[in-house]
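Two complexes follow with subunit A in common, the first pairing it with subunit B and the second with subunit C.
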Partner chain A sequence: MVRTVHDQPGRGAPLPSPAGPTTQRPAQTPRQRAITWIRRHNAAPYLLLLPSVVVIGALVLWPTVQIGIFSFQNYGLPQITGALPTQWVGFANYTQILHDSEFWLSLRISLLFALVVVPLTLITGTLVGLLLSRLGPKMRTFVSSAAMLAWATPAVSASVIFVWLADPDGGIVDWTLTKLPHWLGGGAHWAGFSWTNSALPAYTLLTVLLVWTGFPFIAVTVLAGLRTIPAELHESARVDGAGGWRIFRLVTYPLLKPIFLVLLLLSIIWDFGVFTQVYIVIGELGNRDEYNLGIYEYSKAFQMPPAYGFASALAFVLTIVLLIITVGYVRASVKQGAVQ
Partner chain B sequence: MGLRKTPAVRGAAASAAAALAAVLAIAGCSSSSTTSNSGSTGSTGSGSAPASLTVWRMGPSTASQVTWMNGVVTQFHKDYPTYASTKVNVVYVPWTSRTTDWNGALTSGKNAPDITELGNTDTPTEATAGLLANISSNVTSWTSKSDVVTGMLANDTQSGTVYAVPWFGGVRGVWYRTNQFTAAGISSPPTTWAQLITDAQKVQAKFPGTYGIGAPSNDTNAFVSFIWGAGGQVATESNGQWTADLTTPADEAAIKFYVSLYRTYHLSPSKYVGQTELGASGATSGGANEDFGLGKLDIYIDGPWASSNFPANAVGKADWASFPIPSQNGPDPAPAYAGGSDLGVFATSKYKTAAWDLIQEMDSETNATSFANLQGFFPPFTSKLTGGTYSSSQLMSGFAKAASVTQISPLNAKNWPTADTGQYLIIPTMLKALDNGADFNSTVAKANTELENVLNNGTES
Partner chain C sequence: MTTLTWSRRSRRFGLNALGILVALITLFPILYMVSTAFKPATEIYSLTPHPVPRHPTLANFRAVLNGSTVGHPYWTFLANSLFVTLIAVAASSLIALLAAIAIARFRFRFRTTYLIMLLIVQMLPQQALVISLYIDYRSLNVLDNLLALAVVYTAFAVPVTIWMLRNFVAAVPREMEEAAAIDGAGPVKVFWRILLPLVAPGLVATSVFAFIFAYNEFIFALTFLLTDNAHFTLPLFVQYFYSRNGADWGGIMAASTLFTIPVLGFFLLIQRRLAAGLVAGAVKG
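Presenting the complex of A and B:
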């Protein structure tokens, strides 16, 4: 068998130099042939991407496509067991969502919650990050490990602990509030106060819980960012007479803007889509008036009778809302990058 | 005495069955085709002996229930030598997650039970949904069949097909402590709503730090007695079409009364808003049940079975007594909802014969009666109910009185679990909103429309 690659000079990527100018190159092994093919077609990047594409495709893309299909169907328990045929219902699930007062209630709860929790988490985290950057090494280790403990606490444990803290019978929160003086808002009316019997107190508790578990990540990321800023910049600003706030506003913040954008985006995605903590604090699915979007969607999919089609449409709406936010901020960050 | 609920149950089940005929024609055949063909009651089941059988029980597991079940399994191995090496696994499923778990087991086919306990209000819906195997032929040759309270078996029958057998029944009444009533100067239990409020105020005043009466918003099975006690109906059916009645004067009076226990008279603590009688939904502590057991709540509505849920350090047990839920103007008690549990063979079970044989052991007249007495229920067998042992007990006499006037419709309607415990929680959400100060007329009107839609179509709109 004589297969001569060098019969086609000038094509493809440079090949390893032949052993000698006069000797005909030996026939390639399959391995070598594959390498040649990859080089010639510039396929290496795509081959390297392939495994993750397969995994993501199987675990994310295909389920997403399936949810998309279900969202246009009347898909429930009778369709799964085969008792009734699956029907295409067009946009009926989506129209039903728009006319569903509970959807708007849960959307409002999710939006308001994210609007409050995201800034609070970012501000608290940034302040702690700034504090950490000013501490000595020992104190920094102590404070950051203490904060990371809050972050590392599993969501379920943290939620259960907070529910206990706020228990109307002997919870330390109500006890402390009854002991507080009047001018601090304390008093006997806090005795037996229920933090979970309506949306406002329940989400107040959840705000504290999520800020508590969320700020350490922000703080550590901000600290990492601060350490990349050359010390001379802060020094010269201080020499020019700038105070702490001016230094942060005019030096630190502009330099860390990309980090803040990422943190903002992540916080919005986390806090808008929060499920575990809410599920535990509001008492699972027993309180319809306290559902956020995630819980509402879950109740539609998994409470009797399951409405998988309707819930899939809801999942799509939730995804689209998050995509709009994400795209908006990615665009904003790209634009700012271009302007500067 | 006895559970005189036969006519109501039979009527409701018959009409529900008629409404479901069309759906059953489809759902029924899919489940019956997988049913193993067996009517055997002897020791040689037609199926081979399974390595293990899984039983789903509902509610928290208690030591006495575990002991009882172990005894039944021992007996099962003895009475059916074929299954001598069959292991019986018992899984305790919280009531609040039962539908989710059934649904998950049915759709995934994983970790499914062979036998499941069902609340008697669940049975019509779950049978229609294809959750349960057709056990008609097994029940026909069941030796205890003729002694089962007819209405209870009718509730488990859809279009002539039997999907489950009654295991125990019970009614809710009002728990109180005789010594507290005596100390508060109350000579006899209240028989009207006005007396109920006055008496609750008296005990609450006499025992500072306690609450007079518990009125959790997510306790529809107790709340419906107030509607019935005012002469109203939750919903009525005619020609297969449901009409919700929450906006009728009688229902509105009942709703106002129940909400006033918390909002106007402050006899019920704020934490019960949004709770079931056991606590936050999904929890089994921290609610009215525990508070009554610990002496922090004076008057508490629940069935006699509640005693098995009281905490171990419950106080004043010797003084526990009961009276039926009062009607608006007395003197007869309000009709009580006839609750209870059934046992059914799960549709996906590979060992339907063995499963039915174990059901027969669990639901034998002796075992069902000992189980009922253990938990504070009534057995489903007429011969056991007529003995009169119940009316002579201080604790059980009130419940026995309550059991004399019962109703089940519309709580056994096909879509009732959807309306009350599934996606919609209509009455609990309505009561909770009113407890939190929502506008009365618009809230009740909204709930009424939702209820009517869900009962008729299975969805709100």
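Presenting the complex of A and C:
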């Protein structure tokens, strides 16, 4: 941990100390002996890492490997109860996936949802970040605190709140839409409109919900990035006659590009893999037309009769997709010097 | 000097108005949750919703607190959540601190590999891992066991905690440790007397994330705590209540308020302190 004289036992005679010559090292206690051993073998970092490696290995990495193993087996109800042994089935689960229309539907929902939510979250977050950077200190604290409260709201609470806002009986969304003028798309036909019973309205509601949850993190990160840009750059651009959009495109964006890249990849990972909010908004596992990939995989594992093998294959596909995006995220992080 | 031009003043006014608008839109769902929780049923299902309850009532909260909603009082679920969360926060902070020291203070083989592993592990989808963890926990016979749930939360909180904590450890000047060591303090003493007190504020800051993760976690709780709703954590309780009594919005919002407001309050408190710490650091240079 720290370098002391004892670090280099071969460094020659001990320094003469004013208190008189020290005797050769006395017999060490077990603790001292352990410390000496750790120093000699440079084992300290590995010992310090050991607990984290054990918990992550046992509860995150090993389960990932298990998913891979199960995905090549016919693991189901008889296997988990021990009535029948598990059998290797090769790629059977994966070929089943390829011919499974529900898989393609759920994959399409996941992809489309990420395609809509990610840009909306990034744009909203960036605009709020830019606004924050131009506010006075008090106002900035107020607005960013309000935004961070949305971020800190638990997914379960946020989901039930948004379902209540969009409730067909007494919800404020339908009421507002009936009161809106015609040319804004309002009208009496919105009365009693259900936002959760079919895929398009449900994912519209989920889009608003996830933008609401996700934009504060983007805004605060963009704000932190903006504050690293010297004010003179913006000023000289303005003196040169550049407008707001041109300044953003030519000065701000290029300087913050690495931050935007990381935020983009993180948002894709989060929105493609969203689970809790979808589970609550579509009303648990009732309506199969509204499944995204994660929900479909979960339903295969935990709805009767469970198909752990098939679900594991789906989970493995989901994991691989996310890992591919993660590779980009890791590379961007390494480039930024975060891995040091 | 002090007179601002018209356009500048109006622009500042415009920005502030925009800021207030953004804050209000953002806060609206949270405020509406609290307001609904205080509304009697007649106001909740009225044809014209009001933002503020006209005849505020505590009936919704009373029902949630005394357990007439799902058979157990709110305190049962709060106790479960606190138990799981505090264990996960304490365990993950300790494990992460050791790892952060290794990363910040040592150069060793596999260091970069380890760091990249930490980044990747954070991105693995929980709804995938829950399958094998469910099967493992079932065979170990620890489903429905809150301590076992806390162990999973610890493992999932460790990577992000290490990732943030390593910067706090790196910020502690090495010279202080060296000085203590020259004065004869062993590594254990250096840890307790020098490093730990100096890293403590960072430990508080990073443990907030472990806290929020464990307190809010839904998928593992949903999957593991199936049989006995006396073992439910708060998020599971809110979801369970909603799925059973979907029309009792007053009760659901009261439960959700009791679950959410403490986190938000805690978060605001910490956030202000974090900001203060940042400013203090800037002044000292």
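Keep this in mind: the second predicted complex is superposed on the first by the 273 of 340 C-alpha atoms of A that agree within 3 Å, B and C clash if a C-alpha of one lies under 4 Å from a C-alpha of the other, contacts with A are read in each partner's own complex, and residues count from 1 in each chain.
Heads up, the rule we're going with is that contacts are C-beta pairs under 8 Å (C-beta built on N, C-alpha and C of every residue); 3 or more make two chains touch, one makes a residue touch a chain.
Quick caveat, the model's predicted, so the values are computed rather than measured.
Of the two partner chains placed by superposition, A:F91 touches none, neither subunit B nor subunit C. Of the two partner chains, subunit B is the only one touched by A:N287; subunit C is not. Contacts of A:S157 after superposition on the shared chain: subunit C is touched, whereas subunit B is not.
When the two complexes are overlaid on their common chain A, residue A:Y253 makes contact with neither subunit B nor subunit C.
Residue contacts after overlaying the shared chain place A:W37 against neither subunit B nor subunit C. By the touch criterion defined above, A:A307 reaches subunit B but does not reach subunit C. Looking at the superposed arrangement, the partner reaching more residues of subunit A, out of subunit B and subunit C, is C. When the two structures are aligned on the shared chain, A:I80 is found in touch with subunit B and with subunit C. When the two complexes are overlaid on their common chain A, residue A:S194 makes contact with subunit B while staying clear of subunit C. Of the two partner chains placed by superposition, only subunit C is touched by A:W212; subunit B is not. Comparing the two interfaces of subunit A, the one with subunit B and the one with subunit C have residues 80, 167, 169, 283-284, 302 in common.
By the touch criterion stated above, subunit A contacts subunit B in their complex at residues 77-78, 80-84, 96, 99-100, 167-169, 192-194, 196-198, 283-290, 299-300, 302-307.
Taken in their complex, subunit C has these residues touching subunit A: 12, 15-16, 18-20, 22-24, 26-27, 29-30, 32-33, 36, 44-49, 94-96, 98-99, 101-102, 105-106, 108, 111-112, 114-117, 119-121, 123-136, 138, 151-152, 154-156, 158-159, 162, 174, 177-178, 180-182, 186-187, 190-191, 212, 215-216, 218-219, 222-223, 235, 238-239, 242-243, 247, 249, 252-253, 256, 259-260, 263-264, 267-268, 271, 275. Subunit A meets subunit C in the complex at residues 1-4, 35, 42, 44-46, 48-49, 51-53, 55-56, 58-64, 66-67, 70, 75, 80, 128, 131-132, 134-136, 139-143, 145-150, 152-158, 160-165, 167, 169-172, 175, 212, 216, 269, 273, 275-276, 279-280, 283-284, 294-295, 297-298, 301-302, 308, 311-312, 315-316, 318-319, 322-323, 325-326, 329-330, 333-334, 339-340. Those residues of subunit B lying in contact with subunit A across their complex are 26-27, 30, 96-97, 99-100, 103-104, 106-107, 125, 129-130, 218, 269-271, 273-276, 280-283, 286, 296, 417-418, 421-425, 428-429, 432-433, 435-436, 458-461.
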